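Shared between the two complexes below is subunit A, which pairs with subunit B and subunit C, respectively.
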Partner chain A sequence: MRVIWYAVLVMLYAPLAVVVLYSFNSVNSSAEFVDVSLRWYRALFADDSILSAAWNSAVLALVSSVIATAVGTAMGYGLYAHRDRRLGWLIALIYLPIIMPDIVYGIAQLSFFSRLASATGAFDLGLGTMIIAHVSFQAPFVALLVYSRLVGLDPRLFDACSDLYAGAWQRARFFILPTLQPAIVAGFFLALTLSIDDFVISYFTSGPESVTLPIFIWSAIKRGVSPEINAIATLMIGTVFAAAAITLAFQYVRARRIAS
Partner chain B sequence: MSQSRSPAATEAGRDNAPRADTAISLRGLHQAFGPDAVALDGVDLDIPAGSFFTLLGPSGCGKTSLLRVIAGLDSPDAGTLSIGGRDVTRTAAHKRNVNTVFQSYALFGHLDVAANIGFGLRMQGHDRATIKKRVAETAAFIQIDNLLGRRIDQLSGGQRQRVALARALVNEPDVLLLDEPLSALDAGLRATLQLELLRIQRRLGMTFVFVTHDQDEAMVMSDTVAVLNQGRIEQVGAPAALYERPANPFVARFMGHSNLFAIRAQDAEGLTADFGRLAGDFRPGSHVLLRPEVMHIRPADAPAAGGQGPNVIRAQVRERLYRGSRMEYTVAAGETTLVAVDDNRGQGMYDIGAEVALAVEQSGVVTLDG
Partner chain C sequence: MAKARARTGGWSAIWHLLGLVAPGVIWIVVFLVAPAAYLMTIAFMTNGSYGLPEMPLTLAAFKQLAGYGFLGWSPANLYVVGRTLAQTVLATAAVILIAYPVAFYISRAPARLRPLMLLLVVVPSWTNQVIRAIGWMNILAPGTPMADLAAALGFISPHLGLYPSQFAVALGLVYNFLPFMVLPLYAVFERLDTAQIDAARDLGAGTWDAFRHGVLPQTLPGLAAGTVLVAIPAFGMYVIPELLGGGKNLMLGSLVARQFAAASNWPFGAAAALIMIVATLVGLMVLRRLGRRLGGDSGVML
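Let's turn to the complex of A and B:
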């Protein structure tokens, strides 16, 4: 059993390790590793198109995650607050963007935005449409995190707020938000990783000015895998790992708080 | 606690309580959660100010629904509710000066004990210094001052119960509502906290409305008990009145009586029940209750048993239970089973199968209207 487990881990992480290793290679080869060098990282930071792609990725990830966290939290609370009114099917609907194949979702977004653009004159493909598209698939994840936290609470806690003189706003500020804080923070970092991660939906909803890192890598790789790409990939792996680690840390704290 | 409610100031104040005035007045309350789920079916009730008032009934009888309507957490479909003479039927929960101790305690996990207790004062906009002072006073009064810095998940069940009580009392409500607050605790702690709740209520002279399904708990603690069944009030009275003069068979059974019989026929000299005739002057009614402790069990052939006199039931012992201070006998009188108790004074026990005579004292024969 243990051997199988190690084999799975190797399968998962060996390709990543190769990418990270060769990003520090001193020669332009993916066959032999000669010496440790930061040469490709220097080349990376000298390349304006890469830097602009990185900037686009960062703006897209941050803006979409902030919006998705706010929207998703409201959605999660709404689902919880109306759970008694036979709105369970809404919870099923919220899974749709999660289970939909990215390629289908991306094409749907593309045709939606081009219709919208020809109808209104706005919504030209670019960072704006990408943010909308990202929010639409990030928000359900946040909503489900928030919803599951709320479902786990004693419903009498909400009564206790009203009983102890808290109006709706005070209840939101002094009870609901502090209680949801771990779920909201975890949701934000999950949204961040999802956005940085995404290629397919971004590809369909981006414009000429809004090339993100995954799109840049995709077009660069058509000319062959360069060590520069390894360096970008390594930096992205680092970012995503950091975000995932923070998410897990918050969920761990939350789980411990509930368990004890 | 404020100075006016400090223990010293109210120590002697209990004797004039319960005061004559009414803390809560309910008129014609109806509430349904669907055609088959009637929670309250026309409840009229006056709860005296300063009293320990208990809503007693089996689960699903509407007692918690009634408590939630008083708290403002649910609103009734029809009827009116006044607290302290003011109609609050349509007043939101957070604007009522009523606080609740929830069955699950519902303490805030993201706050420590002190912040939990101070929550209500904070929501009402009191300044930090006032909150800190009143939280400290209340914690000292409930004897949890050593817990103020703890997190909720570091507390035992009994400690949580006290924190929930302090969180409600610190606001000095007109009425304190308690929804089965002791039901999650083990028997020993429960008995301790029953006495402590009673002591706190006596000291503060505050109106307590206590919900329970346990008739022993209701009898021990209450000034007045209202028995609820299927959303209706069956009887309101002091514990002794409910036990000794239950209004109907439901109340009698709920108060722990088992010797309850339909009256077959009634005439000028007495009545006929399942087990035979009882002589004497009875109020008109449909059921008769024989309280076990006023049926004296004697050997069937003892001359002192009253022999063939009135109100003697001849029976045979079927079961006996040793309860320490008393013996409990289940006896058969014809087709009927009766329970009789006998004080245990070392006089020996009747064997199973023994023929006995039950001499029924007139004061133990109660006719029920329902």
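Let's turn to the complex of A and C:
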């Protein structure tokens, strides 16, 4: 059992490790590693189209995550507060974006937005449509995360609030939001990583002006993997690992707070 | 409190619910359900001169999908569907075989370590799909140790890489979807009732029988949820076959994408996508059934 676990860990991290390793390779080869060099990173920061793609990625991830966190938290709390009702339709609606293949997702939105654009003049493909698309798959994940944290709470805490004559607003302000804070922060970072992780949906809802890093990488590797691409990929992997570390830190802080 | 309100609140409780979920629901309905419905209607429209859908309604796109074209019948499209199905089944089976012991191992680890172990499994899937594929391209390229080993064992001819190939696609799919199986399986293993194993043992069951009667039935909901979460996205996978499979190993996702890019035949692409939408809806129904059986904890399926 332990052997399988370590073998799986190797399999999970080997591809990422290789990308990081070869981004520091001094020659353009994935067969041999010659010497440690930062030349590909230097090339990266000299390239304006990469910098603008990074900027687009950052704007897309931040704006969509803020919206998705707000919308998703409300949805997750609504699902919890009314969990005794028949909410099967709502659960199905939340799971729909999670299991729908992203290619269907992307082309459905591509055809829909371009139809809207030709009919109304608004919704031209670009950062705006990408943000809309990203929120639609981030919000369900945030909702599920918030919901699963609420399920772990003692329901009597809600009764305690009303025993103390807390109104709906006070309950939200002094109990629900502080209690949910770790889940909301975790949800925000999950939304952020989902946005950075996505390629297909971005690809089909993007316009010529809104190239993001994954789209840039995609068109570059159609010409073959280069160390420069490994360097961009390494920076993106670093971002995700930082987000993971923050998530973990929040979980441990929360666990300790509950324990004490 | 919530229960009391749900029973006594009447209209104000319903407004409370709607106020909370409406933004999300409207967003998903307008920007996902409506586009998917629009895509389904495109499948029944005529392919116009620029590849864009036009009236009148027709079944031409479905005939083309079944292989009827200008040059008579050809099995090419059906091969693509068949290959996609085969890859999906293979990848899902492999994911189950790997994820099952992993999820069990995590569930038996010290409680303090479990969140970290789960995070270790999940974090790679947070990196970009394209980047993960690049990682495998780096590993499987010609001249790398893996490719040399495969060549030495006679699996491939020397100086060729392990990609592009069906094998690389299968590997990429397994890699991509492993966490989606580990998490639901972990959720059921965590609540495993070990008394049932002891009971089977007391009744004289060997290891295999104890597993079959004491463990397997308890993990079926997690197994089914994982299968839905793996098989449906795998069936529609686009990035991995495109990057690791090469032109000869076309899968359905690429066939769909091409109709909206270079080949420009939206109705045909939409007809092929319709198969995936139907698969998605079937998967949703299965998940709903399971959600009921798994109880309120279906949220852990993240």
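Going forward, the second predicted complex is superposed on the first by the 249 of 260 C-alpha atoms of A that agree within 3 Å, B and C clash if a C-alpha of one lies under 4 Å from a C-alpha of the other, contacts with A are read in each partner's own complex, and residues count from 1 in each chain.
The rule is simple: a contact is a pair of C-beta atoms (placed from the backbone, for glycine too) under 8 Å apart; a residue touches a chain by one contact, two chains touch by 3 or more.
No experiment lies behind these values; they were computed from the predicted model shown.
A.B. asks: Looking at the superposed three-chain arrangement on subunit A, would you call subunit B and subunit C a clash or a fit?
C.D. replies: Partners fit side by side after overlay.
A.B. asks: Is A:Tyr6 contacted by the first partner subunit B, the second partner subunit C, both or neither?
C.D. replies: Neither partner.
A.B. asks: Go through the superposed model and pick first if A:Thr179 touches only subunit B, second if only subunit C, both, or neither.
C.D. replies: first
A.B. asks: Could you tell me the angle at the CA centre of subunit A between the CA centres of subunit B and subunit C, given to the nearest 10 degrees?
C.D. replies: 90
A.B. asks: Could you tell me if A:Gln170 is touching subunit B, subunit C, both of them or neither one (first, second, both, neither)?
C.D. replies: Touch status of A:Gln170: first partner only.
A.B. asks: Mind working out whether A:Leu79 is in touch with subunit B, subunit C, both or neither, as first, second, both or neither?
C.D. replies: second
A.B. asks: Tell me which touches more residues of subunit A here: subunit C or subunit B.
C.D. replies: C
A.B. asks: Touch check for A:Phe45: first (subunit B), second (subunit C), both, or neither?
C.D. replies: neither
A.B. asks: Looking at the overlay, does A:Asp159 come into contact with subunit B only (first), subunit C only (second), both, or neither?
C.D. replies: both
A.B. asks: Looking at the overlay, what does A:Thr247 touch: subunit B (first), subunit C (second), both, or neither?
C.D. replies: Only subunit C is touched by A:Thr247; subunit B is not.
A.B. asks: Pick one for A:Trp55: touches subunit B only (first), subunit C only (second), both, or neither.
C.D. replies: neither
A.B. asks: On the overlay, how many Å separate the closest CA atoms of subunit B and subunit C?
C.D. replies: Checking C-alpha atoms only, subunit B sits 6 Å from subunit C at its nearest point.
A.B. asks: Need the overlap of the two footprints on subunit A, from subunit B and from subunit C, as residue ranges.
C.D. replies: After superposing on chain A, subunit A residues 159, 161-162 contact both subunit B and subunit C.
A.B. asks: Can you tell me which positions in subunit A touch subunit C when the two form their complex?
C.D. replies: 1-2, 4-5, 8-9, 11-16, 18-19, 22, 29-32, 70-72, 74-75, 77-85, 88, 90-105, 107-113, 115, 132-133, 135-137, 139-141, 143-145, 147-148, 151, 155, 158-159, 161-162, 193-194, 196-200, 204, 213-214, 217-218, 221, 225, 229-230, 233, 236-237, 240-241, 243-244, 247-248, 251
A.B. asks: Touching residues of subunit B toward subunit A in the complex: what are they?
C.D. replies: Those in contact with subunit A are residues 68, 71-73, 92-95, 98-100, 102-104, 106-111, 119-120, 122-124, 153-154, 167-168, 171.
A.B. asks: Residue numbers of subunit C touching subunit A in their complex, please.
C.D. replies: Touch residues, subunit C against subunit A: 1-3, 5-7, 13, 16-17, 19-21, 23-25, 27-29, 31-36, 38-39, 42, 53, 98, 101-102, 104-106, 115-116, 119-121, 123-132, 134-139, 141-144, 175, 178, 228-229, 232-233, 235-239, 243, 253, 256-257, 260, 266, 269-270, 273, 276-277, 280, 283-284, 287-288, 291, 296-302.
A.B. asks: Over in the complex, which subunit A residues touch subunit B? Could you list them?
C.D. replies: 154, 156-157, 159-167, 170, 174-175, 178-179, 181, 257-258, 260
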